[in-house]
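Here come two complexes built around chain A, the first alongside chain B, the second alongside chain C.
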Partner chain A sequence: MSRRVVVTGLGAVCGLGLDWQTMWEGLVEGRSAVRAWQPPGVDDFPVKYAAPVDDAAFEARYGAGDGMDRPMERRVRFGLAAAAQALADAGFAETGAPARTGTAVGSGVPERDPYELLHAVGEDGQPSWATLYADRAALDRASGLFCTNDALAAGIAARHELRGPALNFSTACAGAAHAIGHGFRMIRRGEVDAMLVGGADSVLNLPTMTGLLLLGAPSTSELFGNRLCRAFDRDRSGLVAAEGAAMLVLESEESARRRGARILAEVAGFGSSLDAYQVTAPHPEGHGAALAMSRALADAGVEPDRVDSVNAHGTSTPLNDPVETRAIKDVFAAGEHYRRLAVTANKTMLGHLIAAAGAPELIATVLSVRDGVVPPTLNLENPDPACDLDYVPGSARQQEVSVAVSNSFGFGGLNASLVVRGYEQ
Partner chain B sequence: MTALDTVLLTAPGVCTAAGTDPAALWEALLAGKDTSGPSGIPEGPATGTAFLVDDPDAAALGVHRRVLRTSEKQARLALYGARLSLAGPAAHGPVGGPGWGLYLGLPTVDEELLRFGALDRLRRVAGSPGEVAALYAREVPPFSGLSHLNSTAAAHVSAVFGLSGAMAAYSPYSDAGLQALIDGVLSVAEGENEAALVGAVSPKVHPLLFVQYEELGWNGVVPGEGAAFLLARRHGTGPAGDAPAVRLAGYGRAFGADGDDRAGAIADAVRAALEMAGTDPGGIGWILPDTVWTDSGARAQDAALDRVFGGAAHRPPAFTGERATGVLGPAHPLAHTVLALHGLAGNRRLVADGDAVREEELPVPRVLVLACGVRGQVCSVVLEGVVE
Partner chain C sequence: MSSEIPATGPAAVVVTGIGAVLPTGRGREALWEAWHAARPALTPYRDPYVRTRKVTHFGHVPEELERLGRDSVPHKLRKFGTSFTFNAMLAAQDALREAGEGWQGIPEERRGLYVAQDDSTELGVAAFHKALDRSRRDDSSQVGVELQRVVAEAFGNAAAFNPFTVIRALNNNTLAMVSIAERFRGDCAAFVQDAGAALGALQRAAFSLRNGDCDTALVVGAGSYNEALKLAGLYRAGHLSAGTHGSDSLRSFDAERDGTVLGEGAVAVVLERAGDALARGARPLVEVLGAVLRPALDSGVGPATLAENARGLLAAHGLRPEDLGAVLADGKGTLHHDAAEAELLRALLKDSRVPVSSVRPVLGTVGAAGPLAELALAPSLFAAGELPPIAHLRTPPDDDTDFVMGAARKRRIDSVLSLHGTFSGFAGALLAKRPYTT
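Here is the complex of A and B:
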């Protein structure tokens, strides 16, 4: 059995807004969610900018009811809100979800409380696990020791009574893209009729950001203010971390048409790969990235010269952007088609949602196809000779987008690409 | 013939407290050998015994020592399990390349960021967030951003063995191991990979893990450490000979949050696997259920098996390897898959008889393996004996 898979619902919570419509409006208008940021109470943390969710607005909109007041990680809160939004957007409240509906999400490392291990220090000043265990009732249930990677997928499935498979993908910054790709495959092969797919993450806490900082991943520059995320620019200096969630409802064409659902676009292909190179750097020739894109196109049965746009991973790191450029040029080499691609880097506006990143970027890809507009790559002011594609700098471009590719490449060379095309009956 | 029929699961690589050989695991279970030892955990639900394995060093892994800086014990166990699995295929031809994929079941990494030696300083500066940040910058291990990221295990295995095919990694509980098995086999069946290394590792036995487990309802089942790997490859593409192999004849996946809903989900997943395998409860010769570590989950699994197999004329015996391995998290169902492969190859099964274990003939060459995630995720597979 091989069925077509369509997108029928969207949900997003991110620095650009608390629903997918606001996020898309921000992307098209070239607004940036990047702002001055420090861990709570700290004023000299080396990382000065991030793209956080507006907590007050989130609380006002999603904080009450449906158990949202229970202790839970930020990523789970954001993910539950985005999932509810996507399921409502798909019209399941009116028609009911198909009986065989599952859940697949990508998540990263559990959130950490910098003070959690103080519970291990006894009155004598000596730390011990026995002391921590004895004081376990006082530990924060919303972070650190009680956080597990399956909490979001299982939470969504339980809350919305989705009895299909519930999966959590752990593939670093490609987690959401893998979740979406595997959800797509499960529908295509007939295992389920619909999947709630996406990702949620929040690394904006001191311990996790310190770990990233020590790897040299985030930019510590103060030169560009909120124009710091500069994918493909000569002066890019590292990723700008973000938090949030995005979810999509994928559905078999048959199920969507039977429900009379609004169809936004078709997910046509998925490809993944490993760099098989180094844990600390992408393959310098972009072999893994190119393999993922090529496999996704082959999976979709789409020739490279039919692609109009690439939603790039585009992290604004010194290593990723030229490597991704090279991989795009390899995949779209025939007839130098890469010269005709509109390549966009949403992270210049959203920041890097880490494990969730692939989900808002796939939503942007879907809406690019639906609306015929490619969001811009912001802050591309000084071109890097090693990054010589058309990155749609500065402002959005109205153009027909029949087929688009969305890329997500994780730490250690864990890669995923998705192909989206306009839906035609 | 379905696409699944074209794929073999072979080349078992297992590392548990019972050793690194499937036959040794089988024999340990049969002999009732005590492979447990002190857990090293001072207080809490896991106090007492555990089934621990040594942390593999660079020499055992065949890697440069710098790999140890960016890995935690569970990533090193993944490398070790992968090495054990790929040793046989590597002796007969090249391993790796763009046609070789990787599918892993991985626990969350449970490890403190600040070592105990820094906690006194943390306490002294706790009122000053700026000084806390400075302390973290000084004391957090420089590669913790990688070693605490569970998917780094996939990056290491990929880099060491040159696997650049299609991939996925799942976490954090036992269902993750079977998700990896199912999708790894499907990746070969659907032509995405020529071969796929499928594996899973346990969490390391660590005090933080059991604070978390207790919150989720841990019932005191003894924890273990280990890894289990297999290779999914096409029929006829491996070495000639009598390498034991099984095929994934059917699978089912579902979710049920709790109580009767969970039992229903498990029963649905088992029935789906049986239906895909073209068989019924009478066509199963051995059941390797999950060692579910919450009482409610264990009750749900028992109820589900009663629903599906209660009416069978000869109900197949259920057996778990926990008495020689402990509970292995994501690696548990894959260790069971290795046991199934061993049993199917010799047409034997293990049957618990009180505290004793006996071996008997396997009446039909099909084994059911189950995995139940702690929050209600369910996977089941039917494995069938194959002679290549």
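Here is the complex of A and C:
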């Protein structure tokens, strides 16, 4: 069995906005969510910029929602809000979700509160169970979902009574893309009729940001202000961390048509691969990235020369951007088709949502195909000679996008690519 | 050959290699022997960073085996891993060794890797304590006094932390490390979902093999519950045994059960299409028929629905509950989980008289490695023709379920259904059978 898979619902919570429409508007207008930032309670943290969610606006819009006042991680709060949005957007409230609807989400590192960690250390400098336990005892006993990596998948399934398979993927920055890709496969092969897929993450806490800082991943530059995320630019200096969530409803074509659902685009292919090279660096020739893209195109039955746009991983790190460029040139080498691709880096506006990153970027890819517009790569002012593709610098471009590829690559050499095309009956 | 069990076709997914690094020791035979002898591997809890009387016992991987795991990892990779990653890498090596040399002929791009890992243990109390300790050597009197300043110092002092803290904390750490060490460059996925993660990994691996996304699939489950915040949360939820019965404290389905005993470990299995395995001279050990993973009790789904899911899994392979050779129950030993599972067993098995056992009292609750440990026992069940008892079970639930008590049950076993639940609200089942190949 091989069925077509279509996108029928979207949801997003990110620095650019608290719904997918606002996020897309921001991307097309070239607005940046990056702003001055410091971790809570700290005023001299070396990382000075990030793309946080507006807490006050989020609370006002979603804080009073069903059970949102229970103790939970930020990523779970964002994820639940995005999931509710996507399911409503798909029209499930009116038509009901297909009976075989599952969930697949990507998540990252557990959020640790530094004060909780500090409380675990007693006066003698040794970890103290008594204080640690006292902290945990203060939690709602019924809150079994608190602080486990799969809390979002469990929470979505419970709140929306999705009784199909529920999977929690954890492949670093490719987490959401893997969740979407495997969800796509499950529908295509008839295991389920619909999947809520996407990701949620928040690394904007002191322990995780410290860990990332020690790896040298985030930029500590103050030279460019909120223009710090400079994918493919000569002066890029590291990722700009963000938080948020994005979800999509994927559905079999039959199910969507039976419901009379609005179809935004078709997800046509998925490819994944491993670099098997180094834990902290991508393969210098982009072998893994190229393999993921090639597989996704083959899976979709699409020749490379039919692709109009690539939504790049584009992290603004010294290593990723030239390697991704090289991989794109490799995959689209025939007839030098890479010269005709519109390559865009949404992270220059959204920041890097880490495990969730692939989800808002796939939403942008879907909407590119629907609207015929490619969002810009911001802050590309001095192109790196090693990054010599058409990155749509500065402002969005109106153009037909029949087929687009979205890339996500993770720490440890984990790669995922998805192919989206316009839906035609 | 049993008339109810169909022959293994060339497209069937079979296990050709198994590696295990568990509290019971190294290898599936050590696990089988401990289960068969009803010899628990649960020992007094020990951790240099946690002092507590509330967690009394734990399924620790023996220290010498842990050292062996570390030594098995290429030196250049050690700084990126934790002890449970090293356990996983040793288990993977053992599984690949058992699968035979022929698998190495499979191109790296066609080798799929699917990993189940527990919640991170690195970005926790131990890592923080080490950093804090190093950062305040010059001023040790301030702990707990000026929280904000101490926190800022600890986190602001980069030298205090292992620079690879976040890499070690990533829940795909095992995926990355095994891929590099064993040269896997193909299709992949990693899951974090307690025991359910292994079901997800097996399911997607089998799917990818059947659909040609890879030509061999290594499935690895690894992790540890030994992290202070995790332990405190599970204690608070009332899931842990008080340890009254010492190493016999995990008492699955027994009237005297008072909670589970947590543990750690890693299991790896090599999956292949049966036709490919036979063509390269490998010996199929088990046929994996399928797995299901669904939201469970904590998500408002009752045992009857879960039984229906398991029945659906059986039916998809032409089996009825009464055709099963054995059921391996999860049997965590908590009041809540075992009561719900007993109801599930009643609903699923009814009058079938299929015997039910559990390895949990011997192994402990080991998270992501759990379902793979049950799968690792299947070849021994098929070969021995007996089902070991549920250790320490004296007073089972008063119902018709045939819990195996006291002595092993002699019986031809061609198929095994194992049941699994998680603390976070998922439940699932794994169905495997004896491979019949000609």
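Just so we're on the same page, the second predicted complex is superposed on the first by the 399 of 425 C-alpha atoms of A that agree within 3 Å, B and C clash if a C-alpha of one lies under 4 Å from a C-alpha of the other, contacts with A are read in each partner's own complex, and residues count from 1 in each chain.
To be clear about the criterion, a residue touches a chain if its C-beta (ideal position, glycine included) is under 8 Å from a C-beta of that chain, and two chains touch if they have at least 3 such contacts.
Bear in mind that the values here come from a model prediction, so they are computed numbers and not experimental data.
Superposition of the two complexes onto chain A shows a clash between chain B and chain C.
When the two structures are aligned on the shared chain, A:R258 is found in touch with neither chain B nor chain C.
Residue contacts after overlaying the shared chain place A:R339 against neither chain B nor chain C.
Of the two partner chains, neither chain B nor chain C is touched by A:R61. Judged by the touch definition given at the top, the superposed model places A:G164 against both chain B and chain C.
When the shared chain is aligned, chain B and chain C each come close enough to touch A:S272.
In the superposition on chain A, the residues of chain A touched by chain B in one structure and by chain C in the other are 39, 41-42, 44-46, 108-110, 112, 114-115, 117-118, 120-121, 125, 127-129, 132-133, 136, 139, 141, 145-146, 148-151, 153-154, 157-158, 162-172, 175, 178, 182, 185, 189, 191, 206-208, 210-215, 272-280, 287-288, 291, 295, 410-414.
On the side of chain B, the complex with chain A involves touching residues 41-44, 67, 70, 96, 98, 101-102, 106, 108-109, 112-114, 116, 119-120, 122-123, 126, 129-130, 132-133, 136-137, 140-146, 148-152, 154-156, 158-159, 161-173, 176, 179, 183, 186, 190, 192, 207-208, 211-212, 214-216, 253-258, 261, 265, 268, 373-377, 379.
Contact residues on chain A toward chain B in their complex (touch as defined above): 39-46, 102-103, 108-110, 112, 114-115, 117-118, 120-121, 125, 127-130, 132-134, 136, 139, 141, 145-146, 148-151, 153-154, 157-158, 162-172, 175, 178, 182, 185, 189, 191, 206-208, 210-215, 217, 271-280, 287-288, 291, 295, 299, 410-414. Taken in their complex, chain A has these residues touching chain C: 39, 41-42, 44-46, 107-110, 112, 114-118, 120-123, 125-129, 132-133, 135-137, 139, 141, 144-151, 153-154, 157-158, 161-172, 175, 178, 182, 185-186, 189, 191, 206-208, 210-215, 272-280, 287-288, 291, 295, 410-414.
Of all residues in chain C, only 49-52, 54, 77, 80, 108-109, 113, 117, 119-120, 123-126, 128-129, 132-133, 140, 143-144, 147-148, 150-152, 154-156, 158, 161-167, 169-173, 175-177, 179-180, 183-194, 196-197, 200, 203-204, 207, 211, 228-229, 232-233, 235-238, 292-295, 298-301, 305, 422-426 touch chain A in the complex they form.
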